[in-house]
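Below are two complexes that have chain A in common, paired first with chain B and then with chain C.
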Partner chain A sequence: MPEVGAAYARVRALLPPLWRALPWRVLGAAGGSATALPALARLVSGGHDTAFALILLRSAEVALALGLAFLLDDPARHITVAVPTRRVLRNGLRLALVVPLVLLCWTVALLLVPGEIRPPAGDVGLEAAALAALALTGAAAAVRFTDEPQPGAVVAATLLAVTVLETLLPERCTLFVDVADPGWAAAHQRWAVLLLLTVPMGAALLPERIRRRRALAWTHR
Partner chain B sequence: MTTAPTVSASGLTLRYGGTAALDDVSLRLREGITGLIGPNGAGKTTLLRVLATAVPADRGAFAVLGHDPGTTAGRQEARRRLGYLPQNPGFHLDFTAFSFVDYVAILKELTDRAARHREVRRVLEAVDLSDVRGKRIKRLSGGMRQRVALAAALLGDPGLLLLDEPTVGLDPEQRMRFRELIAQAGESRTVLLSTHQTEDVAMLCHRVIVMVRGRIHFEGTPAELTARAAGRVWSSAERDPGARAGWRTGLGTFRNVGDPPRGAALLEPTLEDGYLLVLDGEPAEVASL
Partner chain C sequence: MSTVIDKAPTVFAPVETGRRPAAAVLALARFEARELLVQIPVFFFLLVYVGTTAWKLFSPREDMNNYPILHDVDRATQPGTLLLAVAAFICVNVAALRSRRHGTDRHFDVLVLEPWRRTVAHALSVVPLAAVTALGAAIEFGWAALKPGAVGHGSVAELATGPLVVLLSGVLGVLIARLCPRLAGGPLVVVVGFATLMVVSSVVGQTHWLTWLHPVVSETSNNPIPSDLLGRPAAWHALYLVGLSAVLLCVAALVSGGRTRLLKAITVVALGAMVTGIAGQSPGDDAALITARTKASSTPAAFQSCVAHGRSTYCSFPEWTGWRDDWEKVVDRIQDLAGGGAGGAPLTIRQRIPVVHQLEGDAAIEPLHTPGEVTAGTRWGGNRVPEFAVGVASVLVAGDEQAVSKMCDARVVTVMWLAMAAQDDPMTAFRHVRLDDSLSGSAVALAPTNPVGMSAEQTRIVRALLGRPLYGVTARVKAHWTELTSPRTSEARVAELLGVPAAKNGTGAGESCQK
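And now, the complex of A and B:
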């Protein structure tokens, strides 16, 4: 199994520089915001309810997703574009390095909200996962279809705009509903559909293209 | 040169919307330095990016040292054998010169730590950066950063080196130093050098390709390109209105390029004169490959 050994050695060698090359400032800001916002539920005293906690946790979801939009930023992209180590491996490793930290931040965020006003953890976790997957899919698409080394800012701005616009949608198809709303369960089915659509799409976008599709030719400027 | 071509390309075409960045480009590159010149937007960078396997072409095929980058396996093999210095190399600025080149070395599959570090030291020495290898890239000058990028391209002793305007933004001394490095690199491998500096082409290259609007308009030796201007460069006291290009020299006389009037004081042409005439509505011509 020399090939497996070589692949393992390459992954082991890659982890330290990839860890160092991650966009730590923005990831740190996202993680910090995602944990600081729910902490408000404990710090601000008096009369807060589940709806307030939900707003804080949704803010944390969005903060984490905005941070993940920068995960695939690589200032050295033009130098590393023609190396034999595949992009899918490099970006997969970035993801593997960051996902545990994101999960930790999210868990801390959830625990910071007092149990008596905490919205259903599974449902808000589903929202967070779907938003994170959407951000990562956007980042993967930007890397695949453009030459931009650091598309994170554009992806994050687009994600924020989509999130804001989504709240303007009619009730029957909106995602952000209140816990007390009878449409809560239906909305979370939509969240699940969003997650199920974005994960395979993001995975499909991670590898490099061997051939161009004519319809997408204009995007690669 | 009778060696087998390092790169064989035929019919490379790549369009962005309605614009052909590459339009049916065919070429063969052999050992030595080939200069690639042309105006902005001629398709030089696109050609280098396609040959570097950074972007696939819409049509056409090419091989790098016998490997077809049109397949996943072929692209991996081609990438193991090429070095690419992009036009605007970016860096992880908090890395030191050594750690950055080491990172690229890992990506180039040099996983044995001791051997990799030897190779990193070798390429940093080749570009004369040994003394600053422990400095963070953000503390290095533009010329030093260019050399870090060249060191990364030289890792693994690639058979094909693709250099996209490596001397842009460098001062004359740095350009001279870079010229030496490129000349050394071209002694034992195939180098394709995209540049706006016709002097670099005249001094370094054994072949030259002129690209205009995504097509190859001239391919030959620098002497052949220079010869295109033989008898078509002259000196005059005033700018000759019939000249295709003319400028006042430091001597106060005008150097004109075009079709000289009878009895004009002809001057020795340069490669730049030949290049100007190829650009200026000359019929497309590709010398035999």
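And now, the complex of A and C:
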């Protein structure tokens, strides 16, 4: 099967430069702060409660999402747009490279919170996944609909603004609830809905826009 | 072939244009401010800020808004501005990094405006946003102050805190942009800063001077106290915020390469202002203030003026004199409904505050021993009116406030009917004055001091009475006043006297006082 072999070879050739071109500074800063914040819960002595741990874990998940907002930044975008390898493949590979690291970061962050005050891991993980998906969808949308090579800063700012606004939502449709709150389960259904909505949207936004090129061709004629 | 230059080449003297860097900085600041205000996050957060402010002003449910306490209203303008502060931080940060993002940094090197002046201009671009915040706070406060029921004194320093926080966060955004330009991580700084602040505040607890290092210290309580007992170092705090903003701005300018003598001098002055502000706000409540608070709580009469209206005397703290007429209306209506000696009994309405240890949190007011003396709180409007009515009616029936807590008999029916029948909408007031907002079953009815416990049967009787025409019930109450206000009368007898049919399954006797 030559196609499969060729595709495999292409991916193998693509991996090292992609790995080098990842926005390591921002990702490192985000991952570092995401693991350092829950570590504070362990360092700081004194009987803290689950609400305290929840605040730290939520800060960690927002920090991770803010880092992921920069993932699709490509300073060489105007050059790579001409290469035969499609953007889906390039950005998909970026995701594949980073997602395990993010998962590792999140697991470490979760384990750093002392067990007795740790909020339900699955539910908090769901929040983190939804926020990460939101950030990546935002980045994909920015890449697709603008010509900006590095839209990450704007996406991150928007994501933070959205997060702050989320805390202002009225009680019956809020997302950030306390563990002791009776609306915890309902809020996490909303988180799941958010995740289920953003993932297909993000996937749909990954490929390059074709009509745009036609329009460009029209104008350049 | 040689060329002889017989005269020296003429060199034109440099044109003296007269450099006016301040004008250039202001022009850039104006441009950046315009750019800032059309940013989507800033615009959106402004919209939310205006919306929440308008909602607070026009909210139909909060009747207490008609009786604002101005030295609490000024403080309440602060938390809303935090939203704008976050937006200012993010957008100024993004704007300060715009040239780097677009790779135009080196083009600026050929311009005469130095990078540090550019930094200052970016920081100054927040000023219009802070002005909008100031306008919002002023409108919010002015709206409250113009209400006829407004009492108390506002403080300019408290009102200035909101705009100053917006200014501070904008300057912080510029500083972060200059300190870590590569990272493009302004939002990350917000999240990490927020979490660190949470951790630090949970570690250090409620230390006074550390608490006041926070930009916004909003100590809210449901029991306002006179403004001279507040003891909030608001003016020092405003000075601290101004000094801190100036210091951060100077640091940002120094980081960008500014080295002029004026800049260094301003840095020193700003540092001095900040330190003075911190020093001024750091000491906690002094002994004299604590003594004054205790005295105002235990012996309020020494601080108050009294006025006699009709049958009763109304005593209030100097700032609350405007509410005496409202109290009088309620007291008069209740006394008109009461029979026997209670109808003409002289009451003393005494405004009181709970024991204040710290401004935050709520404390209960201890009931009074003196016969015929009724407690009035420091809030009015909405649910506070029927609560005060319950207090007045229970003193009329039981004699004094201490006796009310031991009132576990059918007198509760008379008390609640008197209090509710004097309201404009008795049934709604009855529902809201009960802690669980119900109209059936046993519940606790709120009063300025100790609440009144109601059994299910008493609730049923009062509800039946409130559904009837007022004149009929009033006549029965006046006719049987002595028996109705006797602790020995049973619930069944009270129902019979007032003409309410007995319950089908005679239950509920005495359950109101079960603990």
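Heads up, the rule we're going with is that the second predicted complex is superposed on the first by the 211 of 221 C-alpha atoms of A that agree within 3 Å, B and C clash if a C-alpha of one lies under 4 Å from a C-alpha of the other, contacts with A are read in each partner's own complex, and residues count from 1 in each chain.
The rule we apply is simple: contacts are C-beta pairs under 8 Å (C-beta built on N, C-alpha and C of every residue); 3 or more make two chains touch, one makes a residue touch a chain.
This structure is a prediction, so every number in the text was calculated from the model and none was measured.
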* To do: Consider chain A as the common anchor and indicate whether chain B and chain C clash or fit when overlaid.
  => fit
* With the two structures laid over each other on chain A, which partner does A:Thr158 touch: chain B (first), chain C (second), both, or neither? -> second
* First (chain B), second (chain C), both or neither touched by A:Ala63 -> second
* Look at A:Ala29 in the shared chain and tell me whether it touches chain B only, chain C only, both, or neither; answer first, second, both or neither. => second
* Should A:Ala21 be classified as contacting the first partner (chain B), the second (chain C), both, or neither? -> first
* Is A:Leu40 touching the first partner chain B, the second partner chain C, both, or neither of them? -> second
* A:Gly138 contacts which: chain B (first), chain C (second), both, neither? -> neither
* To do: For A:Arg209, decide between first (touching chain B), second (touching chain C), both and neither.
  => first
* Asked: Taking the superposition as given, does A:His78 touch the first partner, chain B, the second, chain C, both, or neither?
  -> first
* Structure fact -> Superposition result for chain B with chain C: lowest C-alpha separation, Å, rounded to 9
* Structure fact -> Given the complex, residues on chain B that touch chain A span 14-17, 52-58, 70-72, 75-76, 79-80, 82, 84-95, 99-100, 102-104, 106-109, 111-113, 116, 149, 152-153
* For chain A, which residues are in contact with chain C within the complex? -> 25-26, 29-30, 33, 37, 40-41, 44, 46, 48, 52, 55-56, 59-60, 62-63, 66-67, 70, 150, 152-154, 156-161, 164-165, 168
* Parts of chain A lying in touch with chain B, wherever the complex brings them together -> 6, 9-10, 13-14, 17, 20-21, 74-86, 90, 147, 149, 209-212, 214, 217-218, 220-221
* Touching residues (chain side chain C, partner chain A) in the complex -> 40-41, 44-45, 48, 52, 83, 86-87, 90-91, 93-94, 97, 101, 182-188, 190-192, 194-196, 198-199, 202-203
